[in-house]
Structure formats: C-alpha cells, structure tokens
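Next come two complexes, and both contain chain A; in the first it sits with chain B, in the second with chain C.
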Partner chain A sequence: MKSAPAVVAGLVALPTAFFLAFFLVPLAVVALASLTSGEGDVTFTHYARVLFDSYHWSILGVTFRLGLYTTVICLVLGYPLAWYLVRMVEWRLWRRVCVILIILPLFTSNIVRSFGWMILLGRRGLVNSWLVDFGLVDRPVRFIGTETGILIGLVYILLPFVVLTIGNALAKIDVSYEQASADLGAGAMSTFWHVTLPLSIPGAVSGAILVFALAVSAYVTPALLSGGQVTVLPMLIFQQYSSVFDFHYGGALAITLLAFTLAMIGLASLVGRMGAR
Partner chain B sequence: MRYRLSVLLLAASCASMIVVGTSRAEETMTIAVPGANWGEAFDECVIKPFAEENGVAYRLELGNSTTSFAKLQQQRAAPVIDVAWMDGGISEMAYEEGVVETLDPARVPNLANLLPQAVAEKDGKHFAASVGFYSLGIVYNTELVDEPPQSWNDLWDERYANEIIIPAPANAAGIPFILFLDRIWNGKSDLDATFARLKDLKASMYFDTSGTASNAFQSGEAVIGANFNVSAWDLADKGLPIAFLAPREGFWANDGRIHLVKGSKHRELGEKLVNAALTPEASACLADKLYLGPAVKDVEVSEETAAKMPWGATGSIDSLVQIDWDEINAQRATITDLWNREIAR
Partner chain C sequence: MSILEIRGISKSFGAYTALRKVSLEVEAGEFVSLLGPSGCGKTTLLRLVAGFLRPDTGAVLIEGRDMTALPPNKRPLNTVFQNYALFPHMTFAQNVAYGPLRAGASRTEARERAAEALDMVGLGGHGQHYPREASGGQQQRAALARAIVNRPKLLLLDEPLSALDLQLRRRMQIELKRLQERIGIAFIFVTHDQEEAMAMSDRIVVMNAGRIEQVGCGGEIYRAPQTRFVAQFIGDANLFAAGPAGNWEMQPVPAVEACDAARIAVVRPEHVSLIDAAACPEDALVFEGTVEAVAGISGMTHLHVGVGEGTVTVRILGMDTSVSEGQPVRLSVPRQSVHFIDNR
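On to the complex of A and B.
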C-alpha cells in the first residue's frame, strides 16, 4: 500500500503529459497568437475586430441557434429512444442489437456520413423523391445550403450521445422509487413527471452539454451541408487558418467561440442544478 | 514496483523509437505528395522509376499543399521532408517563408526543358519545378445540358438557375477565379462591380474541396459550373456524363510544383529527383494519368489525352491565363472577407 501514491502519480503522469502536449500547448499557442500582432507585440485589436463587428455576431447567432436547435431536437428524439431501450425492450439480445445500431454510425467518419446526407438531401436525392412521390411537396425542397439541412446532419450525428447518457441515467434509477410512487396512489403519468423525469435530468443535462459543445464546434457537417451558403463560426476559423493564413485573427475567432461556448455550458449546468433542486 | 518498471520500459521504448526514427531518416528519403490519385500518379510516373534507378528507399507523406507547407514551417529547424509537392500559390508562400531551396540549373539541368510559362522564378532564381498545369473551366453534365455554353457569362442564364457550382475562397481556385472574372469583366480591377454580379449568380453550391464539387456533380446537385479539367475528366473516366470545356474568354490555370526543402539531408538525391520529374517521359505519364498539361517541351501525348488537356481540345499552353500569385495573395484577406459578407450568408 505504501507505493500507492507513486503508482497513482505514475498512472496520472501519462494522461497529464498527453493532455498538456496535445491540448493545453496547442490551445496556448492559439491564445497567444490571438493576442499578438505580426510583429509580436501584445494587442487586443483582433478581439476588437471580432467583437465590434455585427457580422461576427450574426455568425455567432447562426452557430448558437444551430447548436441550440440540435440539442433540443436530440433531447426530444433521444429521450423516448432511451426509454424504449431501457424500459420497454425485454429481450436482452434485441437491446444489444439496438445499442449497437445506435453506436455503429460513430465508427464511420463524419466526412463519409455528411457526404451521405449530401446525396440523400440533394434535389435529386432520396428524401426529395419520396416527398414528391407521396405528394407532400410539388417540387424538390432545398435542403443543401440551408440551416435545415445542416440541422438534419447534426442531429443525426449527435443523437447517439444523448441516447447513451439518458439511457444510462434511466438504467440507474431504482425501480423501488417508482413502485413507492404507485403504492402511494400516483398514476403512471404522474410518477413519470414527479419521480422518473427529475431523476433522469442529470443524464439529460450531460447529454445536452455534450451535444451542444459538439454542435457549435462542428466543422465538417456544416461545411459540407451548407454548400457554402451558410456560414458557422468554425468554418470562418478554418478559412482563416487554411486559406487566408491570418493566425492572429483566426486565433481570436477560435478563442471567442470557446469563451461563448463555455459561458453557455456554464449557464446550462447552473440551470440544471437549480432544476434538480 | 512492477508499475515503475513498466513506465521505465515504456520510456525506454519511446526513446529507442526516436533513435531508430532518426537513423532511418538518414537512409530514407521523405517526399510530400498530394493524396489519392495525384500522389499515386506522381509516385508511379516519377518517384518509383527514380528510386529504382538510384537504389533509394523512400517514404511518401500524403497531404495537400497547405498541409505540406505547414509541415515544412514546423520542421524548419530539422526537416524530415526532403522534396515537397505544392501547388502554385502555396509554392510562392513557401519560398517567401524560406522553407524551400533555390534550384541550381547546373545541378538540375532539366530545368532548361521547362516551357517559359512554367518557370517559377524570383530574382532570377528558380525556387520550384513545375510538373504540369490544370485549369478551371466550365464543367457540365452532358445529359442535362444540351448545348454547352461557350462563355462564362452564360452561367448567369436563367436556364441554369440553382444548378450552378463555383469555388469558394476556401478552395485554392476561389480567389484567383474571382480575380479572373474581375479581369475579363472590368479590364481593370473593380471588386464591387464583380461582387455585385457574383451575388446575382443563382448558385446551388460554392465548393471548398474538389471532393465536394465532384460529389455535387455526381448527385446532380450541380449540373454546370466552374471546375478543374483534372477533376472533370476523372469523373468522366468513372463513367459519369461529365465534360469540360474551355470558355472563349479564357480560363484561369495553375500548376503543381515540386520543391527541394531547405536543409534537407538528401540534397543531392532531391536535386536528382526534381531533375527526373522534368523529362518529357515523366510529363507524358502525368498527362495520361491526371490530365495535367505538360510543363516541359516536346511531350507527345495520345489523341485521347490531348482532348482533355487544361487548354481544352483545341487550345495550347498560350491560352492559359495565369495571375501573378503575389497579386492574388495581397488581396486574399480582402476578397475572403467580401465573400463572407456578400455571398456566404
């Protein structure tokens, strides 16, 4: 037992080194670039350029709107799915198959899946030919190049994260609480609203935070499904790094996105904690 | 104790990997090339024959021009890459940044084979060797477009509304294309007028990578637009009803180039490789495989390949419009910003 602290230190050292080398150092490089001019002087001009320009606010608006809608839709779709998996499936094998079906898309690259959606959502794609065949629309709906198209892609890609976190929370709830609620005369609906739902909120909140953070920082899906007609902040950042080569302005954009995302997440977890009380 | 031992072992094995890594780098050349069919063709046409002849071991490092440029900047102190492919534009930036070596015609004699349009020089010094041209012309779906247009202005025709694709500034051709239109429309530069017309274009999509463009043509999302001869004929070879034509106002062209990396440990071999890329045989091979227009003199290509060259079926290298990259790079930030505000929202 004596060697325990050394063992712990040894175990922690590797991930810490990894975290330092591959996360903190690059982040520091970006932050430093955002605060310096080409000559190396410390300056806030890049932030001023970002924040005092309504264009950037409108792009932030689009980015966070898409993030918020994605999160809400994922929660609405993900909760019943998780419920079905945890509470309704009785056959274990089928449950496993369902879980695999949900996780499987995560094993495929984002790029491939987004290209897939480009084909499905195209004017001559499967979705549109169904819509026209069933007489739901007269002419093909434009999905590519709209926020709706990006939203569909993001929801598809991020849904598994919500199902897994909520499913996990639901599975952990002790059934005796629900039995007690029923014994005391509450109906199924009332038990759900007053017992089960509040107990599963932490899982839903952590799933929502995960989805929101991934949605606002997503690059590949918006870049492909926007057809270049909708811009989200990660696309603007990528553009500065890959084609304009202004690492200072690009860095300031990146740090701005990070700050706003952290603020939103902080707010959400505050609300979540208050809700749990 | 066992944990400490394993950590030590891990550290030791990491250290030994680094040592092996450096000793291997001294024997093996590292060549940065683009991915997919471009890298394969360059390997097949140039590197493999060169390596066999000289008994050289090599390793390909795949990545697009921007990525290779970024790697060269990071490796500045001790470069791992010996020879790097970068396209025109990035090539100039790499030279400006001092990560590529100038080429000495006495040591790379085949530089004399280059056509005048293909010479990459600054202050009388070669800093790159062109391996072939590609161009941005009108690409269209042959099943859905009966009479292909001959002018860029026809893209504004109502017939093609919402079926057009053109490059965004995130694509290497995006900014040159805007400057090219600016030139043919206004003679002198008038970006406001150019953007007003661009805003009128009923585009289906603005592409960032040529993969996106190919995908759009494949799925029918795009029926006509500005795209590369190399990508269009590649799709046609895969059986898609796609063709390329050279519009009458001309078309913007660029070239792929190879560079000797400054501080490379295999300078002599690197020079030999650059030299080997500048032969009519290598050029003809690249023309056949990628439809790159030869940058060196006296290249014979088959009739089928000749019809797919960047200058179109009937043109010649003289019909290519090249825009000075320094001029393009100077306006990069301004044009990107204008695009973001006017078009991409």
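On to the complex of A and C.
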C-alpha cells in the first residue's frame, strides 16, 4: 500500500510536534542555561565548575558505579530468569503468571516500592532480623545510607526490563540453530556458549542500555535509600533546580550526566554489534 | 550390515499418530528418498533418526548399535535442515568449521577442513560471507558443506532444495547426486517432489498417513505400484475396477476408492493408444469412448476420453491435431502393460 505524502505528513506531524515541544525545546532550554551566566553572556564557567572539582567527579563516580553494578547484577540475575521463562516453563498458564509477577511491580509507584525497601532494609527491618536470626551476621548490617542499599533498590526496580528484553531475544532464536549445533556434535553447554548466548547478546545489550540509563538517572530510589549519606548526580541536579534555583549550574550538571550516559551507551552498543557479528 | 536400521517405530503427538510401526533398512552409500504428501510422517521419521525426537516404540540402529536413547550430538550422522539453520553470527567458514571444532580438531585443522568442504560444494573463496549476505543457493551449499565436513556415515536431508527455484533445483539435484556418489555417504533425502526423488534415488520409500506404502527403485514404484495410494500418487494413472485374477474384464469408474471390485487395474496414460474404428489388435483391451478434452503440453497430447461412467487419460507423443472434443474414439491397451493390485 502506498500512502499519500499528505497522510504521512499528517500522521507524523503530531508526534513530531510533541517531541519538539516537550523534549527538544526543554532540552535546548537546559543546554542554553548551562552555557549562559545570570546576565545572559555565553560562558563555560558552569562546566568548569563541574569538571574541575573532585567533589563532582566523586559523585559522577558513585552514580556510574551504581549504574554499572546495577546493570551487571540485573544481567546476571535476569538472564537465568528469562531462560527459565522462555525455555523451561512448559505450562503456558504458569508462564503467564510469571510474566505478570515480573511486570506487576512496574504498575506500582517507585516511591512506594522504595519506601518498602527502606522498611525491609532498616536496622530492625525484615532483612536484618533474618540475617541475625540465621546467624549470618552478629549485628544488623547498615543498608540504608550505603551504596549497597541503593543498589538493592535499583536492581529490584530495574530487573523486569532485562528479563523482558532478554526473554524476547531468547524467544526469537529459531530452535533449528540449537538443533543444528547438537547435530554437529555440540553438547548443551557448548551449544549455549557458541550459539544461544551470542544470538541473545543484542537483546541483553538493549536491556543493559535501558537499565543503565534508568539507573544513572534514577532519583527517587537513591534519594529514599541514601538516608542523606550518599549523593548521586540526579539528586544534586534536583537540589539545584528545586531548592537552590541555580538553573545554569543545574543545567550544566544535567548535560554532563547526559553526555557521560550517551558515551557509555555508545560504547555498549559498539560491543553489542561486535558480539552480534 | 546396514548402516541404518529402523525397527518398528511408532510416534504419536497427543491424539495424532505420526508414524505407525515403520521399519526400514538403509545400506552404506545408498541414496534413499522418503517421498510422500505433507503430513505423511517423513519429516518425523527423519527427526527420529537424527535424535530430535524419541519414538514411542521401536528402535533406531546405526551400524548395528542401538541409538534410540542417544541425543543428537552422540549420533554419527549429520543433517541438512530445510531452512539450512546456518548460524547467522558466523561466516560460512566458521559455520563449516563448527563441526570439526566440536569434534576436537585444532583451529588450524578445522579451518583447513572447512575450506576443503566449501571447495567440495563449489563455495571455495566464499568462506568470509555471512549467511544473510549470500543467495539461497549459496546458503544451501554452505549447509551441505557443514553437514559433510565431519564425514558422517549417514546424511539426513530435510527437503533441502524446496526453497530454490526450479532451474537451480534441477542443477542442485545433479550436483547433490554426484557429490553423494563421490564421497560415498548414505543419504536419506526427504521430499514431497516425486520427480526429485526419481531423479536422484537408488530407492524410494513412499509414505502415506504414517505408514510405508512401498519401497523400491523409481522404475519399480512407477511400473508396479503395490497399493492404490502409490498408483495414484506416483505419476498419472488410469484405475479400472477389475474382476478376480484370470478375468480381463475391467471398467473405468468415477471413483475407484468407492468401488467393490476384487482388484484394481493400473494403466499408465502413455500405454493407451488410439486405434482405427475397424482395428482389433491381439492381446489388447479395447474401449470405445468420446473425447472430452484435448490439450497439447510440452510436446505431448493429453486426451481425456469418457468411457462408460469413467474417464481414461491418454498421452500421445507429439502434437496430434486429428482429434477434437466430442469425437468418438477407440482405445487400445496392451494386456502386458496392465498392472493389477488388490483392492484393499
């Protein structure tokens, strides 16, 4: 079917307008603010302030370390889960129940779920009382206010994304590839290593990119679980915009986060493309 | 000792029975085709031999060893898949080297053997291509190279030519047959195309509804079909309702499946000839009829002649223009070209 250009233009116009008005324009406003002083002169002082200060580098370090760990843990936990769902569950009803269980938390507010973890991970929380009861630790472990606590919260919130993307990738792999591998003498492990894993890498990479981007830009979970002890970049940005009202400095922070995130994602997709070859 | 022995295999999928007590032996170096309509069980049988399915009953023996319980990777055979199943993330060379590497060959050795196998199928110098960059014919050859590189005793081919166009398919049939003779591997070739089976096979196994109907060389199953299914499935056939042995009376009937005659007479269309109204040939059956349709196809004249309640198909070499629709004709069938089968 061939569509008339006018129809195509009509269909594309609305999303384009939306994208322009609510994404590109605000982004431009932020970028512009980050490059101007209060008087409206073009200046790089905000960026200089961000980049020549070890405090910012340490925050960037915490943010990206949390992002990276979250991504790796999500991949390690999510891959077997996706494998179980796609390859091992034979009863369709049970698979549907599993998928719903994985997706359901996404329908609940981040704030509620992070609060839940605050309670679970507190000194007298369920996790600590179990750890003590089972004799795994002598004294309650401090989770709230540590990177570990934030990491637990982020992994919990972002795990569904990798399970769904990897599961989708695994489901799309034609069984005949694995049969061909077995036919050529490969055992189950060898087939997984040489055929299934490489073919699922594009799905794993897109899941990883999604999780990483969401983890480094997460605000609610780190803010609630940090207990004021740990600061990540989004918290700093929020502070600048909401309480300090320094849109220039805040803008420079936001653009810096964006630039570093894009660089990491670019690197990841490069790795993904090499893996797919 | 036969290279492959299939002993009384049955296989059901839920309520559907795919194979019923199928037995077959294949000799070393033999080219055997499994021929039948879709759903006849030929692909199921192939997958059982490959080890992708387990039979409900029966056994698969390769060189006398029971392989029924072994997984595919422990069986000394290889498969060419219908969709080729070439690993998309590997080049042709890597695909072909996969087998030797799994068998424990060194990288250098695997690379050399892959290059050799690719040469053998006419893909020398194409090793660096990825499957998606190659044509269907090239993918087909690469899949073949990958399957023969480990020099199995037995190669299973699941309709490997069905995705190719007619010209290429004909060429590949000849190449495949030549390759099979050269390397001396037994081929089990699944196809629904009887011409393909006839052109390549030493023996053809005709299957229908989960059973083997007949096993024989191409000429045999055409000349002497043992069942009504084979007579109707292989080539064109005129089927007549016939009396018991020794009785030469026979009648064309509209639906031979429904008739209660003791035997069915099979007459191939090329054995029926038109004769003069006055002629009375010896040792031949004569029918009077009316031409219902005439068609000239590829240097042959096809006639449909209404005889009694049924129709007789006649095929004459050359473009005969002397007959036309509605014309009364006299048909003759030499007794020696009539083949009888029991009506079961």
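Keep in mind that, in the parts below, the second predicted complex is superposed on the first by the 274 of 277 C-alpha atoms of A that agree within 3 Å, B and C clash if a C-alpha of one lies under 4 Å from a C-alpha of the other, contacts with A are read in each partner's own complex, and residues count from 1 in each chain.
What we mean here is this: a contact is a pair of C-beta atoms (placed from the backbone, for glycine too) under 8 Å apart; a residue touches a chain by one contact, two chains touch by 3 or more.
Everything quoted here is computed from the prediction, not taken from an experiment.
Partners chain B and chain C, brought together by superposition on chain A, fit side by side with no clash. By the touch criterion defined above, A:42 reaches neither chain B nor chain C. Residue contacts after overlaying the shared chain place A:174 against chain C, while chain B stays out of touching range.
Judged by the touch definition given at the top, the superposed model places A:4 against neither chain B nor chain C.
Look at A:88: by the touch rule set out above, it reaches neither chain B nor chain C.
Legend: residue contacts after superposition of the two complexes on their common chain; A:185 is shown touching chain C, with no touch to chain B. Look at A:194: by the touch rule set out above, it reaches chain C but stays clear of chain B. Between the C-alpha centres of chain B and chain C, as viewed from that of chain A after superposition on chain A, lies an angle of 150 degrees, to the nearest 10.
After superposition on the shared chain, chain A has more residues touched by B, the comparison being chain B against chain C. In the superposed pair of complexes, A:228 makes contact with chain B only, with no contact to chain C. For the pair chain B and chain C, the minimum alpha-carbon spacing after aligning on chain A is 38 Å. Interface residues of chain A facing chain B in the complex, by the touch rule stated above, are 3, 6-7, 10-11, 13-14, 55, 58-59, 62, 115, 118-119, 122-125, 142, 144-145, 223-224, 227-231, 235-236, 238-239, 242-246. Within the complex formed with chain A, the residues of chain B that make contact are 1, 3-4, 7, 66, 93, 162, 168-172, 174-175, 203-208, 211-212, 215-216, 218-221, 332-333, 336, 340-341, 343-345. In the complex of the two chains, the chain A residues touching chain C come out as 174, 176-177, 179-187, 190, 194-195, 198-199, 276-277.
Residue ranges on chain C touching chain A, taken from their complex, read 50-52, 71-73, 78-79, 81, 83, 85-89, 98-99, 102-103, 130, 146-147, 150.
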